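In what comes next, chain A is part of two complexes: it sits with chain B in the first one and with chain C in the second one.
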Partner chain A sequence: MKYKSQKVAYWFFALSMLLLSLQLIYGFIMGFAHAGMDGLHEFIPFNTAKAVHTNLLVVWLLSGFMGAAYYIIPEEAQNELVSVKLAYVQLISLALVGVAAVVGYHFNYWEGRKFLEIPRPLDYLVVVNVLLFMGIILVTLFKGKRRTTTSLVLSMGLLFAALLYLPGMLDFNSQVLDSFFRWWVVHLWVEGVWELIMGGILSFLLIKLTGVDREVIEKWLYVIVGLTFLSGILGTGHHYYYIGVNKIWLIVGGIFSALEPLAFLAMALFAVNMYRKGEKKHPNKIALYWTIGSAIVSFIGAGLLGFAHTLPQTNIFTHGTIVTAMHGHLAFWGAYAMIVLLLLAMLYQI
Partner chain B sequence: MGSLRNDCFAIISYALPNLTGRKFYDSSRGRMAFWFANIGMIGMTVAFGVAGVAQVYLERITKSMSFMEVQMEIEVHFIVLIIMATLFSIGITLYIIEFIKHGQPTDEALEIENQ
Partner chain C sequence: MLSKKQARAFFLGGTVVTFLIFIGLTVYSLSAAQDQSHNENLSDSVARGKVLWEKNNCMGCHTIMGEGGYYAPELTKVIERRGEGYVKAVLMSPVPWQPNGRKMVAYKMSKEEAEDMVEFFKWIGNIDLNGFETVVSPLAKEKINN
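Then we have the complex of A and B:
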């Protein structure tokens, strides 16, 4: 920690860990329900548990990313956060909106749209919250002494993530159109801009962990950004195979989603190479475990399993089955959960 | 300059836990958290995979059963899933214990690092 205001990050991480624990509990409820022991059905039916489980995942990861930004941006920009008070306001409002949404799901207050179940009035609160967050981060960055590639990629990822929330709020009478734009949020987050956030965090940590020159590490970052956008944007097509849009998406989605593992492969090679190259032996071994673990598991879970699941020939059979859950669990764990855990391991010497 | 600063960070981040009496680097709990969580999640993935492929064949390829019949048929794989999820949760619990034990960052840490 170099700047006082970086302390605010701790509370975002604490919130993140709390929500992660809750997510596990709802996961167990569903696991038992699937195994035929659905005793809680009266109070927490499967659809509620599933909405809570997936939404909590998104919120704890976002909370972790926000904490990461509050920690990394001051250090990279060499500037205290412009307002610590507003950062705490943002933290508390984020927690309140999250709790309101999760409680609401238990009383059937939700929109039945997979992953974006949060009801519309709360959507607007999320927007205000994220605007506040982006304001603090961007003003800190542009008032800072320097703008590094790492900090720009990280804040670009966060900004695009914020903007891409909006297509999910459009109102349509058609199920097809609604699905079409809903995937802009879900897919372009996880397989697009979140990878930029992941790359930004990873390069910040690898500079610290390995002592390899910033120039070398940031060059890799450009490659990853390029590959992510090349494959990720049109890769959205793999959600459009059978939702009722034009058949051209079978080809476009098939080709570009087959390219998606490249970004993860680059990320894995990047982490392993920098680790080999590093002359410095950083004493925080566990942070290195998480780095290498994340790089490898995200390549297997998101890259290979994703590739296997999104080929049109297999996806015609596997979409919407437990195969999706298989891919989803290992992908999110490797690509995003482990990145947040890695960051905490590094910052708080776990 | 960059590498010099990084060297300082390495020394400090090595020294700080020692200075404050917090020797958390490479703790066995931290390592156990990593391995439990990862083995648990990979095991869960295998359980999901087996259940998923069975579901795909029964429900969509041979079309021999209805959705709910298939769900009953694959219940046993979720027992495996729950066992693996328990391993995973042990890992996460250990991790969160480490996180809580480290405590909040203090201004002391700040001063030492700025020297």
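Then we have the complex of A and C:
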């Protein structure tokens, strides 16, 4: 580590791993319930286990992304973080909000909207927390000696992710509208701005690990995030096929979401090519393999398995079935979980 | 070969254009003329039902319009399939309902609350889901009419 303040990242990753372990436990609880062994029903009914399982995923990934930003931004901007103290305050408050939400789910205290179960009062705390985080990152960048494309893309991803949390807080009496805007958060996060974060992290690591020229890597980074948005924004339409809105989404969503695998394919090709091109022999082989692995598995999970059921003609039969969960699991594992684990390998120099 | 500047223009241009189209389509498909949900029938009772639906995280196990958990039955057409009486009985039951061994939390709802839920399900059941309604329920209207 070149900068002292980067150390704060360790704690974000520690929190992240703790939450991952808890997520696995709740995953098992659901698995057993599916198999008919539902002995914990009285204390942890299925809907509690599910809310905890999916929300822990979101929080551990966010904690990992925040750790990644605290690790990457100082190096890219060539500047210490503006305030390490505030970064710790942010870490602790993130952990507290997460714990409060998860405990609440065991006592029927939630907002039963898939993936956005955090109850409203805690939503406001999330907003404050993320604002603090963005403040630290942006001021560090602003005061930094260097502004790189990598740090720009990464912080744009983080900023948009923060802004896109807001449509999820709109109130509607209509389930159709509720669902419509819920996807603005969930889809545009996962198939939009989070890919910016992923792309930024990948390019930072590829520059470090392969020694390929920054200009070359960052040029392709633009192409990849360009493809992501070009397909991903209108690709939101694949969630709108059968929720009671206009049929136009069947056409728009069908065409653009069919293009979504392109971004992941580009990312996989990019990672493999840079690896082949690289002349630098970085000692951290494990981190390099995780980088390539993440790019490839995300292509399979998000790209191929997503494509398998994204066309309206197929989706009418897979919508509301476990096929969605199958795709979701490998997509999240490849694209986001592996990225966080890769940063761990990087940080600890395993 | 592509330059970095061109790559950036592709990213920014593509993003702005698709985002504007997305906003346009959103405005169009949510306009009153395109409503497929019979918004005029969305009574206070339906709205209260939706609050209860969320308060108890029903989506954690069930799906509605194909969205939610895949643990318990899809409920878009539940009133057509089961009738009001059955649905109310499940919601008001003081002991966990477990038709096939899988337990549902005993919500012990009052009669009024159960009625709001029924109104909510009825409203959901009448939404035009672009054909999905014929897949989720064998009793869907179009099948009966045919």
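Keep in mind that, in the parts below, the second predicted complex is superposed on the first by the 350 of 350 C-alpha atoms of A that agree within 3 Å, B and C clash if a C-alpha of one lies under 4 Å from a C-alpha of the other, contacts with A are read in each partner's own complex, and residues count from 1 in each chain.
To be clear about the criterion, a contact is a pair of C-beta atoms (placed from the backbone, for glycine too) under 8 Å apart; a residue touches a chain by one contact, two chains touch by 3 or more.
All figures in this text were calculated on a predicted structure; none of them were measured in a lab.
With chain A as the common reference, chain B sits beside chain C without any clash. In the superposition on chain A, A:F317 makes contact with both chain B and chain C.
By the touch criterion defined above, A:G278 reaches neither chain B nor chain C. Using the contact criterion defined above for the overlaid structures, shared-chain residue A:Y10 touches chain B, although it does not reach chain C. Judged by the touch definition given at the top, the superposed model places A:A325 against both chain B and chain C. Once chain A of one complex is fitted onto chain A of the other, the partner contacts of A:G135 are absent, as it touches neither chain B nor chain C.
When the two structures are aligned on the shared chain, A:W110 is found in touch with chain C, with no touch to chain B. Touch criterion met: A:S179 reaches chain C, while chain B stays clear of it. Between chain B and chain C, an angle of 110 degrees opens at the CA centre of chain A in the superposed model, to the nearest 10. Of the two partner chains placed by superposition, A:P167 touches none, neither chain B nor chain C.
Of the two partner chains placed by the overlay, chain B and chain C both lie in contact with A:G36.
The least CA distance from chain B to chain C in the superposed model is 5 Å. When the two complexes are laid over each other on chain A, chain A has residues 34, 36, 317, 321-322, 324-325 in contact with both chain B and chain C. If you check the complex, the residues on chain C that touch chain A are 2-4, 7-8, 10-11, 14-15, 18-19, 21-22, 25-26, 28-30, 34, 36-37, 39, 42, 46-47, 50, 53-61, 63-72, 74, 96, 101-103, 105, 120, 124, 127-132, 135-136. Residues 30, 33-34, 36, 38, 41, 45-48, 50-51, 105, 108, 110-114, 117, 149, 173-180, 215, 218-220, 222-223, 225-227, 229-230, 233-234, 236-237, 240-250, 252, 256, 316-317, 319-322, 324-325 of chain A are the ones that touch chain C when the two sit in their complex. Here chain B touches chain A in the complex through residues 2-3, 6-7, 9-10, 13-14, 16-17, 22, 24-27, 30-31, 33-34, 37-38, 41-42, 44-45, 48-49, 51-53, 55-56, 59-61, 71-72, 74-76, 78-79, 81-82, 85, 88-89, 92, 95-96, 98-99, 102, 104-105, 107, 109-110, 113-114, going by the rule given at the top.
Those residues of chain A whose C-beta lies close enough to touch chain B in the complex are 1-4, 6-7, 10, 13-14, 17, 20-21, 24, 27-28, 31-32, 34-36, 207-208, 211, 213-214, 280, 282-286, 289-290, 293, 297, 301, 305, 317-318, 321-326, 329-330, 333, 341, 344-345, 348-350.
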